Amino acid sequence: MPPDPYLTLTAITKAFTPGHPVLDNVTVAFRRGEIHAILGENGAGKSTLLNILFGMYQPDMGGILLEGREVIHRSPADAIANRIGMVHQHFKLVPTFTVAENLRLAAPPAIRPSLARNADIARLADSFGLSIDPKAIVSTLPLSLQQRVEILKALINKAELVLFDEPTTILNPAEIAAFYKVLRQIAAAGRAVVVVTHHLNEVVDHAQHASVIRRGKLISSGPVAGRAREDFVRDMVGHEVDLSAALDGTGEAPGAVRLSLQNVSVAATPSSSGLRDTSLTLRAGEVVGIAGVEGNGQRELFELVAGALTPDSGTVEAGRSHADGRPRVGLVPEDRHQEGLVLDLPIAVNLLLNKIDEAPYARAGRLNHAAITARAEEMRAASDVRSRNVHVTPRILSGGNQQKIVLARAMNEDADIIAVYQPTRGLDVAASEEILRRLRDAANGGRAVLFISSNLDEIMRISDRIIIFYAGRAVGEVNGRASREEIGALMTGGAAH
Amino acid sequence: ADQIEVAGLFSGNVTQGNWDPPGYAAFTAMAKKYNFKPSYVDNATYEAAPSILRQMAGRGVKMIICHSSGFSAAIEEVAKEYPNTQFVLYSYASDTAGLKNYSAWSVNWDQYGFVTGAAAAASSKAKHIAIIAGEEIPSAKRAVEFTVKGAKSLVPDIKVDTVYVGSFTDIAKAKEIATGVIARGVDVLIPSADLADVGTQQAAEENQAFTIGSYMDQSKDYPDAVVTSTVLNFNKAYDQMGQFFTEGKLNGSIYTMDLSNDGWTMATPFRHVDASVQAKIFDLMSKIGKNQVSVE
Amino acid sequence: MSFDPITISLLLAAAVRLSAPMLLASLGELISERAGVLNIGLEGLMLFGAFGSVLGLQESNVPMIGLLSGALWGLGAAAILALAVALLRADQIVIGIGFNILALGATSLLRQEVLNPSYNAPSLRAISIYRIPVLDHWPIIGRAFFMQSPVFYGAVLLAVVLGLMLKYTRLGLIIRAVGEGAGAADAAGVSVTALRFGAMAFTGLCAGLGGGYLTIVASGGVFVDNMTGGRGYLAVAVVIFSRWRPLWILAASILFGCADALQYQGQAIGLSIPPPLLLMSPFVLALVAWVLMGKGKTGPGEIGLPFLRGQK
Amino acid sequence: MTATITETKTGWPDRINEAARKLTQGYALVVIIAFAASLAVGLLILAALGVSPWQALSVMINGAFGSRMAIGDTLVFMTPRLMTALAALIAIRCGFYNLGAEGQLQLGAVGAVLPATMLPHSLGLLLLPISLISGAIFGALWGLIPAVLKLWRGANEIIVTLMMNFIGIYFVKYLVEGPLQPAGSNFNMSAKIANAAQLPLLLPGTRLHLGAVIAVVTAALLWFLLYHSTFGIRLRAAGLSPRAARLQGMPLSRLILSSMLISGAIAGVGGAIEVLGVQYRLIEGFSSDFGFDGLAVALLGGLEPLGAVIVALYFGAINSGTIALQSVLSIPSAMAMIMSGLPILFLATIQGFRLVKGRK
């Protein structure tokens, strides 16, 4: 007999646009002592559900029962007063503040005295296995460290119910392990934990209870024990998906060298080691994975390849280049909202952003709207971007569809090289599979793919070779069949040199 | 029969200061006396002036009086399009562009400045006076020039400081400036910065210095400071406009307002100074009026 | 001409006196901007304060009440502005521009309807000058800094207090958070709306007091239309120029005051630079200094942006 | 202003146009509501002052649109505000917050008056285009300064452009008080420009001059530039998402420089038009805050050329309408300012409210 729920969301219904409910009569209960996972595809309504609980949105119908008592959360302040904490999918951090200031800002009165000194904060962070420099300015930190801060904010507040919306998207395996250890401690202390994640193994390994939402409706909610990954996937997408589909190369030897970095160095910054005397080659037909903890030079590598950065020393050769000297490379940048897309220009323009001044899309500086629309519609159909047409803006699309636009543009660049950075971040199982398959196909078709990611599983599935970055250097190279342990050791600077 | 409509155009606010309010009062009195229907626009800017004049004339206003020399360019532009409307400028004009329907009542500001300077000089025990002017516009510069001449004509070794506030409304700055020059030894000030004059008057009152009021008798407002004030005879000028207009005699002439025709005078009695000062100044004024003294 | 100690001392004293209204308004604006609101309506707020203080003085004959009334009028006007900006998320710059035009008209109309044109203010000396014993005899700076209105001393104190508050208190942390990352502050349980409303109200209070200083301390209790004459816009520039730091605002206001004072102190001692060029000088100076200081912080991250919960 | 999130109705022609979209979203309705609300408040105040609201209303409408002359005036008042609005919007669309249209307008007026008063009259009809172009160049160079300072020193453009407004205004003051003032002049202004340099009048009996046409044509060109040229699309991309634009090889610095060149040139021509079409000379204070008015117009018009035309027209009508109020009913000029301030407040507030409601 499970204990009484600590908190129940009852019959929540919410529509942002009338007639199209994002959540439809969803009832879920969270219990003390449990890690409760919430699963669903992109856009299923997971974040909306947690945001309603945290007072960010008001439900159209339904309510919240806290230990049987009805409560109303008009704003996050109300939720915090009811001892609820939340880790947001899109971090809620003040970018110009230090880590310490961010933590103090979020702390309720009872906690504040314990955060008065930076040393206390550092110790507290260590105790959660999420070490961090309290004096660091958040905006200078790599995203993975920012995610740590976002998590720490919720952990130190000793909330009774803690909501985590995709907390592990860019943490490395060691950090993820440490994170779930903390969650288990919290649950063991009799508090309640809710986690939204796309990583099914996290659910199977750590959660006691799981709820699946599909298109705003609750499909299932029950104990994890006895259920397999495939069961959850079926609930999420409504049919079977083969997660083990092969992502293998053609088996032929790689072709000509397409990209070559010789002894390049880039100065270090507060958030990154920069690059130190790094060399690397990429050949036609292969996918080369770059593994490593964030901030070890990956960002600089991507920008060098993109031609947005010039090295302090060393050479970058990328074969063909644009008229302005930039190398010709198809790009999938890390941050799709800021770097990948212009969210408020139509999809058509975004799809052809890299070619907008070339014929037939423009003649003598004048746009040819018919040609743009025609080509964009072709690309949209080929890439299965689910939008009404190419005239809407990408802002209203889900992350998966947004990423398909970015990828379609990268593929459309007549380049021999495609460089991708965290291409599946925050995407659901099906969308991620689609992106990985398309990248593998591109390599099999003769292109060279540089695949930078902090998700070791996908690197290992897709790569022909894996190069591990540590402290701005390529510290090791293994083939695609290497073991997790071997790579993990190199990532933390443990082995090799 | 319908009343004939006349209109006034003012560059400032008709309820504030010592230039537009007395002008507006004279305008209203004239309209009443000659049974005109009056209307007015105040705070008229350069940008809007031609348009305002056109609107008035186009609507059938028969006489438009502009109470500032700054409107002359606008009149020159618009008057030729509306031959049935009389345009009248008050304050100063050197010519009326040969237009039959553009007349001017022009104050002899040279005399005005000369006498004001003389009055200040005669009142100064320290032989050090100051002119606190508004913006550095040509008419102001010319007035300053003649004020200095007038002061020196009576007291050849007088020291005259001239400071421009740079604004016609900034009381605080005028007061700051006046306080500063008093600290340097000035004992009589000539405020000549329109609304900002309040600051000069206050500074004088607070620091036991004296002033010469302008355009109307200001001794009521600043009893401790004002020695005397220039008093423009707005009523006479406006009354003449009404009369000439009624008689159909407006014909593009310039009527000069000076000491020979009661265009302006000085308020009496002079305060805070020996009676001889008043006598001296009125003597000077009458000589100027009779052309026995030239202000050149 | 000569720059003897007396001239310099007079110049400095005038500079400080002329800077006080701007200083007060700038300190108020600082808090709005730190909370993410670019309050261009400062000019209008000062104007309302200037009008309100004269009304208060006229009704009470007590200078202190006049000043207080000015501050309250500023506060009330700011509340209307804050209603539009903080609550209804109106565009800050557009609202500011509209508000300034409205304020100019409204104060003029009110003046004509309710102020007595021939009102004679009582002696305002008590709040115009308070000599700080001993210090006021210091050469050069004694007259400038220790022979001022008590309101000026208050403004200096306020600058210090605001500096400490922003740096060391929780209120300061919250204000900065709302300006640098409203979404984060909101998620931390801070009411962004209430805080911005409060910040703007404080701005109104300070700007109103600045307007009150201008009329009561500096202009002997007389209100004329548009008497602020651009001081509000200047105060906004001072805040940005000082890079949102209270003590720098103090220094920058006096610097601007100096250029202002030099304009006519210079004339009085025979310095013959055309006045427009002198009027221009503080801006050129500020611009050059700003450019020389080089790349720096460009201001609160969310300044000018309306806060909308749940925005990507 | 934050871009609103919208979706075109399916079946709309390819040439989607954000302006049309915003307007169909009820923006026009908002403008009408704001106008009606401020009119109502204004009339209430008038009633309190003892003036019949209906009479006031009819006088205002008559003053703005009642006759050829009235329409001419409305368009003349619209012109400089439209030019500064267009100047502001092209820069802001590129992500450069240009508050400096006022200063650029002042410099443009200087640029126009120099050839128009000093070049030999024998140049004849060439004088007008030369003066206009010179105004454009002066404005453009003035506009280039903040862009260069931003790119070179990282100087915040809001403060730089604000400061440069004052510098521009005092520079004109200096010129008309000194170097440009003809000997024996009674006023602070330059000599009158040559007849050949004057913008031709369009409607006899009105002040309407070619400048109004220049302004509207500029708006149309700008619309074309923004939505139908590669330059425009790069400019918008750079303004909306500089990092994405940079990665796709768009030269951010060059885009900012060229948008400010265009912006300054437009404001400069706006100043030139005031000299060549309205004042016929350079006068201190010839601009009654056109720069700030223009900024409000641009933002209220949704940063769209078409929106700017509509809002500027409305500002022009307010100006001529309230002048009629003053001259016919002798209503204090303060009322004119109240009537121009109120609609700005209402418009911005309703827009903000819509933003909040749209996101709830």
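Note that the chains take the letters A, B, C and D in the order they are written out, and that residue 1 is the start of every chain.
The criterion applied here is as follows: a residue touches a chain if its C-beta (ideal position, glycine included) is under 8 Å from a C-beta of that chain, and two chains touch if they have at least 3 such contacts.
These numbers were taken from a predicted model, which means no experiment stands behind them.
Novice: In the chain contact graph, what is the shortest path length, in steps, from chain A to chain B?
Specialist: Minimal hop count between chain A and chain B: 2.
Novice: Tell me, please, which two chains come out on top when C-beta pairs in contact are counted per chain pair.
Specialist: Maximum number of inter-chain contact pairs occurs for C-D.
Novice: Just grab the chain with the largest centre-to-centre distance to chain C, centres being mean Cα coordinates.
Specialist: If we average the C-alpha coordinates per chain, A ends up farthest from chain C.
Novice: What is the distance, in whole Å, between the centres of chain B and chain C, each centre taken as the mean of its C-alpha atoms?
Specialist: Result: the chain centres lie 35 Å from each other.
Novice: From the C-alpha centre of chain C to that of chain D, how far is it in Å?
Specialist: Here chain C and chain D have centroids separated by 29 Å.
Novice: Could you please state the distance in Å, as a whole number, between where the Cα atoms of chain A are centred and where those of chain C are centred?
Specialist: 46
Novice: Can you tell me which residues of chain D touch two or more of the remaining chains?
Specialist: Chain D, residues with two or more chain partners: 177, 332-334.
Novice: Which residues belonging to chain B are in contact with no fewer than two other chains?
Specialist: Residues 13, 43, 136 of chain B each touch two or more of the other chains.
Novice: By residue number and range, which residues of chain A touch two or more other chains?
Specialist: Counting only residues that touch two or more other chains, chain A contributes 343, 395.
Novice: Any two chains that touch count here, so list every such pair.
Specialist: Final set of chain pairs in contact is A-C, A-D, B-C, B-D, C-D.
Novice: Could you pull out which chain C residues touch chain D in their complex?
Specialist: My answer: residues 84-85, 88-91, 93-95, 97-106, 108-109, 112, 225, 230, 233, 236-237, 240-241, 274-277, 279-280, 283-284, 286-287, 290-291, 294-296, 298-299, 305-306, 308-311.
Novice: Under the touch definition given earlier, write down the residues of chain C that touch chain A in their complex.
Specialist: Contacts found on chain C: 170, 173-174, 176-177, 180-181, 183-191, 297, 301, 309-310, 312.
Novice: In the complex of these two chains, what residues of chain B are touching chain C?
Specialist: Chain B reaches chain C through residues 13, 15-17, 43, 130, 136, 161-167, 169-173, 175-177, 180-181, 183-184, 195, 198-199, 202, 206, 220-221.
Novice: With touch defined as at the start, can you tell me which chain D residues reach chain B in the complex?
Specialist: Its residues touching chain B are 63, 67, 69-70, 73, 76-77, 177, 181, 185-189, 205, 207, 278-281, 283, 285-288, 319-320, 323-324, 326-330, 332-334.
Novice: Mind listing the chain D positions that touch chain C in their complex?
Specialist: Where chain D meets chain C, its residues are 1-2, 45, 99, 149, 153-156, 158-160, 162-164, 166-167, 170-171, 173-174, 177-178, 292-293, 295-296, 299-300, 332-345, 347-349, 351-353, 355-356, 359.
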